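Following this message is one structure expressed as structure tokens.
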């Protein structure tokens, strides 16, 4: 076993404690410090009878030589300056989603990491769940066939955010998952979004987002802060089989349905006429492990550093998600008119 | 008990047998005949050891004096001519949905019935379920408060229809329910619809439809013929409470959630800032009867005739649904651009 | 297609109408008459505009030559005399469960049918559901391995019967299913039952019944009239796989779980020590048809007559169920002490 | 805020880490040391960069003056000697269930704590869940009416324990909950238990336990190590309402059903005759907090010490549970014959 990397968590708010807990639990990491401008809050994360240090100044933190990497869990507006400073100081960086407030900022971060030959990773936590890993593999294996549609629902009573609407708050989860599981990543040519603010909260609290899929179908995402019931479900319809992921059902989190519609004839004209048939086959619920996703994420961060290779949720993934979110913003302002997202050069991180 | 009305069912295909069974089971009706151009199919509906007559000619049927009313369950394209002939012959008419293939036809039917002082009813079956009746009452009572959003999902492996897309096949259910439960009926000023045909079936198999609600929110309808799982669910979010109707869960078909978001301040600027709070109150599952909807529908048909009053699902309701469907068609052709439906004069049945 | 058999339904109470409807819907049968001492009730089953006859006298009915078979749905106390009279008149007989009030009566019926070379069938309706048919086949195929335990739960708010307790009312369903799916039929060597009457209704309203299975495990049945939730579930644990049948979940009525405990060592002493491991494999939900069980039952009745062979739920099955119920009665009176049921000679219908 | 109590966790196996985590997270406690004969295992619980001490000798630990209390999570066989030594050293004690291997040992522990005027608490964790707290309150309020029956199901694929059968492994949860929620605690006059070992594991892997309730009904407990599905459900039937607790359904963990059977007449004879009616009223799902039970348990331990009062799950509760388990053992050995548990003097902890 090699020596653990020294790491600091920057930001002791909502997500920072979860990051700290997982770095602490991993033998690949040595949590050296927790950094927050509010020392009391940082100390609360460190807890009693601990020699993990509390740090209140980011620059002092970044100057330390016992820290190899930082995890940034501060408000989104500060992600870019902190990450750029950390990269400049030679630290590897993992950032809580979203990568940055704008794709332009994010593109800068990706290029800075590339130039410095350091890891820039985005904490798309869902991509480290056993369910999403399984889904990516099953799509790649061809078992589902060609993808026909995706329906993703992420609704719950949510804290109305002071700075972002429901789309920016919740849809990044769905988009990062799509980026991870779609064979070519998230590259829609068309995005339509609508949102409503029936409470007069000043920002959309209910949203619908439609993305074109490469093969001709659509992916649809429904996000809602006002729902008394909590649903986290994604349905991935394929020409051979359909996968249902119900994240709140631990007994049947993922099920693969061998059911579908078969068009009888390859001849297009015939097809329209009539002849369809149904496969009403079995449903399979695969056994999945119950490993905590965030634990796998911090392991992947260490493995990417050690292997000098991009992580499974590289900065570029965060950039692609931002490009789609910005297109959704424009579409919502234009009452749902379709918008083409800015193209992201996957090699360089440049924006079209 | 007054003498039962004589009734004939026209059309012995998919829905006709259900209508026949319910007329037979009602003491308000005397099923005199089943009419279909295919005598064998009609005889199959009549069954053995029965004196219900088989008729193969609509005009001969309409000339009979022992028939007071007809139920039309023929293909949609034939609804208008048959209904107009029946009204001309002095018969009351109930029509399987949709009322007609176009709103222009439907408007003619509504005016013809009005002129002839006969009942023209649309068989919006769902409106006669105990659940939908309860929902209408609970909205009218104010228990939910102001309506913030509606989400309706109706997905299943469906027979790809030779003549209509998934929107025309399934969304009429949702629209007829909205027309029934919304205090002012279905009168959206804006309709957006998108659809996709990933199988190359020649018509949309997956569709999303968004309607503006009077109070500022949206109603959203998702229909899908390609889903291996069957969902029939409607969520009605209100400012006080939210109602969830899960039609496939007999144990908890309707639940009312006393949960929601409260904006702290009536002052709009303040509101945006932050202060929101959550009610995490109880859920109530009301006891509902398990009466068959179609049985209630045929009773209502008789009661409307007897009382000389419009039925609870009058022809005008069917006309309003058609007006929205046609707007959805136009929106889908324009890639989801918002369309304003034609206005329906609720008194005269005239179209704007 | 051969000529349909003439049949009469005797008893127009709760179950008779269901039988009548299914005989009417089958081309193998001609429903000639409905017989009940209450002519109005019988006429209600026949319905309007029908030439099916109403009969109020069983003996006059049995004297008719246009009737080949009768279905008996009268109170249990009358099953034996009516069935014996029908057999004496040369009619084939199907009887609603229970076959008779006592195993002695039932044994007489079985022997009478055997002597007369007529079909005596018991309407164990559940055995004709696609789910139970599947379960029998999957057990027979060996897929589940050796049976380790069965847990059956049948609870609901139930009508407290004037003449029978909850065990006699509900457990016959579970017992008839066990008789059908267990490779050797229902032949426990030990039955324990307890019941309680916490309402003071005069008979047990909550009951638990344990039967020894041939391989060393137990089958346990829980019946309850006082439960506000309705559960109809059977779990069949096997050494290889476990099957769960949830009759109220149409989407996942049957699921086969490839999960279980493996004892590491064949050596008994070692085994106890420790070495167990777990298989956490997939779950499979087989596709089942949605055919109505009672329709399959009436088809089987006709097929048994035509093929001159015992039906899949022969009189002897009803007799075995009665033998277990009587043992359960004795056990309940002795506060759960184990009782050995009377042995049923499967060939002759004789009781030990 | 008063000074936190010093505490040590003894036993770093399965449950110890959970206790350590919750003591660490509580401001009422200062986790001073983790004690285990295996220092590596103890160090793993302490974790890196911590000044919590590792101790390998219980007696050295108990001699420390900076420790006010200990939590014992060692194998059951060692509970009594360690607890007695801790009490002798003037430490307050909380013990993982079961309190001791025998009721005789447990009685000694209760008396020792009483004599030393120290807290002896049993970690009946479930009693600190919001659900069980709610259930106790709702029963005490009379909302359910008189208790008619309890059905508890606790089944899952379970580790076959080397030393105890499924009854001793799982039923203590159900029994401790019953002890907590029943107005007079757990005092059945009759216990019947059956168990089966169909795998040949050397001990019962499937068990059924029936206890008499004070009001005439029964409580029934089903435990099973061989079930591929996980169920943790308790149904508490009352004369007014019935409560269903489904611990694995976070959305509807507890529901109160206003449904039941009403016997029409107070006259016993009449009652049997017929007249019953049904209430099919609403279901209510109360809002419950999502607080971690073990956190509440450690707070209660501190509060009991501070207030010099018995904790909500006092040693005597653990003793009552043992008395019932021992009766169940005897019943199982006698094939389910009913056994009367030894009486526990609630004031003194003496056994009858």
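Going in written order, the chains are labelled A, B, C and D, and every chain counts its residues from 1.
The criterion applied here is as follows: a residue touches a chain if its C-beta (ideal position, glycine included) is under 8 Å from a C-beta of that chain, and two chains touch if they have at least 3 such contacts.
Computed from a predicted structure; not experimentally measured.
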Max Cα-centre separation from chain B goes to chain D
Looking at A-B and A-D, which pair shares more C-beta contacts? A-B
Where the CA atoms of chain B average out and where those of chain D average out, how many Å apart are those spots? 54
Express in whole angstrom the distance between the two chain centres, defined as the mean CA positions of chain A and chain D. 41
Which residues does chain B have that touch at least 2 chains other than itself? 229, 259, 280, 283
Footprint of chain D on chain C - complex, ascending: 146-149, 151, 157, 159-160, 162, 192, 194, 196-203, 205-206, 208, 210, 213, 215-218, 220, 222, 224-229, 235, 237, 239, 242, 244, 257, 259-261, 263, 268, 271-274, 276, 278, 280, 283, 335-338
What residues on chain A touch chain D, complex-wise? 24-25, 30-31, 47-52, 229-230, 248, 250-251
The residues of chain C that touch chain A in their complex are 252, 255, 258-259, 280-287
